[in-house]
């Protein structure tokens, strides 16, 4: 986990795209994932679910204040401690504080995008607290000292051979690239971590206002252990995750697993209501819920509010042809892909990710699969209008100003286009068009435009 | 009923044969076609690049220009276009989507254009849509010996919902063999200025598309958008391929004109 | 440490001031396009098909004795099996006959705050459930001990046929939302991952095998 590198998008993607093997692996994996997603919606009405989910998210965000208060009251009633953190620093400091109070030396952690966002793990490790990622993909990434390249499949960029070599070097297992073998060995090592750790950290997929429950969704069983086999459980999530009702889960649970991995329901859904009750013999004694803002409240009331509806399923990454070509690391952010190209500039400032909203062909596949109806590609388009590339004095701005001037005067348009045809083969024009001509041939220009043909043939074309 | 032919700027300049074929096919099917000569560009390149103000001015110009046969300064006080009977038809899903989906939003805060942009959106159709939805695909038939695949442009597919129409049209051509492209809903990588801003990504996507096209064994890749074809053909030529790329209007015209011109 | 509660809530209020409040009228219809309704047989058929498509196992049995026999068949003779209290209470004859052939230990033997390593020592766990959902092949468990069922490689869930719900619509209702327990786990098939080249591997941190036994009483 490192700092935001999205500013270097152009450099990063060129490096990633040159890796043929990576592109092939990614393409295979994402096409498979998208296919499974599509198949899994055969038994339910996707449009019905999406429209309901969108409505519920709109309601949740428009009542965010009340719902957070309601959630907080109920969470307190359930015995949890709720902590609001405006910034990553504040959230990290609080979690360190909790760990120190309990003299924690080892933490088991399950997947959480917000903890990546606030860079919690390197922070805790800096203070000497061993913090182990227990999701298999995250564990691999942590051992490799890398960042996840996908929201739900963090190690999607790694081949089994690379993983086998990595686990051999780092945890000393036999070098064998069978996924079942590798998974078994990781299970063995991590099982010992679960049995010796005193604190667990998880994210949350949903917070239920009406009963204070925290919903954690996963497939491996590591989140279930990170939240159960510990004395202290810390939940770290964004303030936008709260929804009004328990019954709303009938919509979201059917969408999330299908959109993420093509499962009708993920293997585990943990509904956590707080620390162990009097009659319960295990489970955490303390549950802390850390609600992180970090730029989210700023989006409320803006045209980009709907970006807060995202449930982090990763479907838009799998279907995106740009993501398939360059992979997650190129985006330089913990949030890659189409949704990342929105979230990154919105959370961390457009000046830190100026290219991302432009890194899309606007094909709209992302919008088509989004389970909560975010108009992702239209959002990208409106972001472009807010953060026009370059300054008013830049070359592109100059080009579009003159382009407009020409298009407003048909006479000038006719003259200039005729000139352009004459000079099209000159080297200066080719140089201007190098983004095109460096990669593709230019079409052979006809001797006459349509309007000239039309005119010369007396309006008969 | 008249058809006001909307000819996007790059079609006018680079693919005049696409515009001419569109015109002749529509005429062949019994409609009067006029070409409003004042039209230039719909403004999409500027709009998609973030230059909203420039795009707005171009949109204002284009609204007036497209609705007026004889040149007149914008905004026109009276339009030649009959909103009850006439249609605006363009051989580009992408540029039609600009007028139909984005003009009403772009011009919403200008009282001179608010209503007319909405009215115009309702009467603007992509070329194949006009054939299937207004004229009726049964009215068309042609004959051509060739094997083709059809490429869906993203804007036609997702912004306009054009999917089956072009295929129904191609089936009306005797002798034409149609092989579906695998992954036909995946973008070819053109994306307007995206193609020159991120050329490596754009061509990587193009290469994937071309690979699936080559795998079909078809001779010609047909599409409703010349922009996708320009990108794919340019890349195919650069990589040494001699496959052919044609707009659906061109292939329709060939099929009634009798010969497949080079 | 004081938190940023007031600051954040004030920022939200400020940002949302003047925007429309949106209240969603929920559409109560089910999004399912096909669902076996009515009798137990068809719902159990759906449950079994779903669970087995994921690599689990579901059987409808006639008695505790059958269940005991089934569990014995699916565990090695040297197996050590953890029995949850509710099973010990409600299915006494199952437990009695199982303990004749297998080494069993009971939840009752564990004190509050027991050493978690003791819960990791079992080859299998037998638990009851709060509900089952046919739509997805899901079992919902709510126990006084979270770990044995989470750590054992094999999990047997004993269900009364009346606990089978047709769909998630019936589960996500107030009667389950207002549970007293600190936890409610929905388990759908074996623990799994596809983190290595998208290849599915069953049995990661949770049970590799899940067997659901319906007992008709």
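Letters A, B and C mark the chains in the order given here, with residues in each chain numbered from 1 onward.
The definition used in the following text is that a contact is a pair of C-beta atoms (placed from the backbone, for glycine too) under 8 Å apart; a residue touches a chain by one contact, two chains touch by 3 or more.
Since the model is a prediction, treat every value here as computed from it, not as a measurement.
Chain contacts here run in a simple line, from one end chain through to the other with no loop closing.
Here A is the chain whose Cα centre lies closest to the centre of all protein Cα atoms. Here the CA centre of chain B is 54 Å from the CA centre of chain C.
Note on chain placement: the centre of chain A and the centre of chain B lie 34 Å apart, centres being C-alpha means.
Between the Cα centres of chain A and chain C there is a gap of 29 Å. Only residues 1, 3-5, 7-9, 11-13, 15-27, 29, 31-34, 50, 54, 107, 110-114, 116-117, 119-120, 135-136, 138, 144-147, 150-151, 168-169, 171-174, 176-199, 201, 203-207 of chain C touch chain A when the two sit together in their complex. Note for the complex: chain A touches chain B at residues 10, 13-14, 17, 23, 27, 31, 321-322, 325-326, 358-365, 367-368, 381, 384-389, 396-397, 400-401, 403-404, 406-408, 410, 413, 417, 420-421, 433, 435-436, 438-443, 445-446, 448-455, 459, 461. Residue ranges of chain B in contact with chain A, taken from their complex: 7, 9, 11-17, 19-20, 23-24, 27, 33-35, 37-41, 43, 45-52, 54-55, 57-58, 61-62, 65, 71, 74, 154-155, 158-159, 183, 185-187, 189-206, 208, 230-231, 233-235, 237-238. By the touch criterion stated above, chain A contacts chain C in their complex at residues 25, 28-29, 32-33, 42-45, 48-49, 52, 55-56, 58-59, 62-65, 68-69, 78-79, 83-86, 90, 93-94, 97, 134-137, 140, 153-156, 158-160, 163, 179-180, 182-184, 186-187, 190-191, 194-195, 208, 210-211, 213, 219-222, 224-225, 228-229, 239, 245-251, 253-254, 261, 263-277, 279-283, 291, 293, 297-302.
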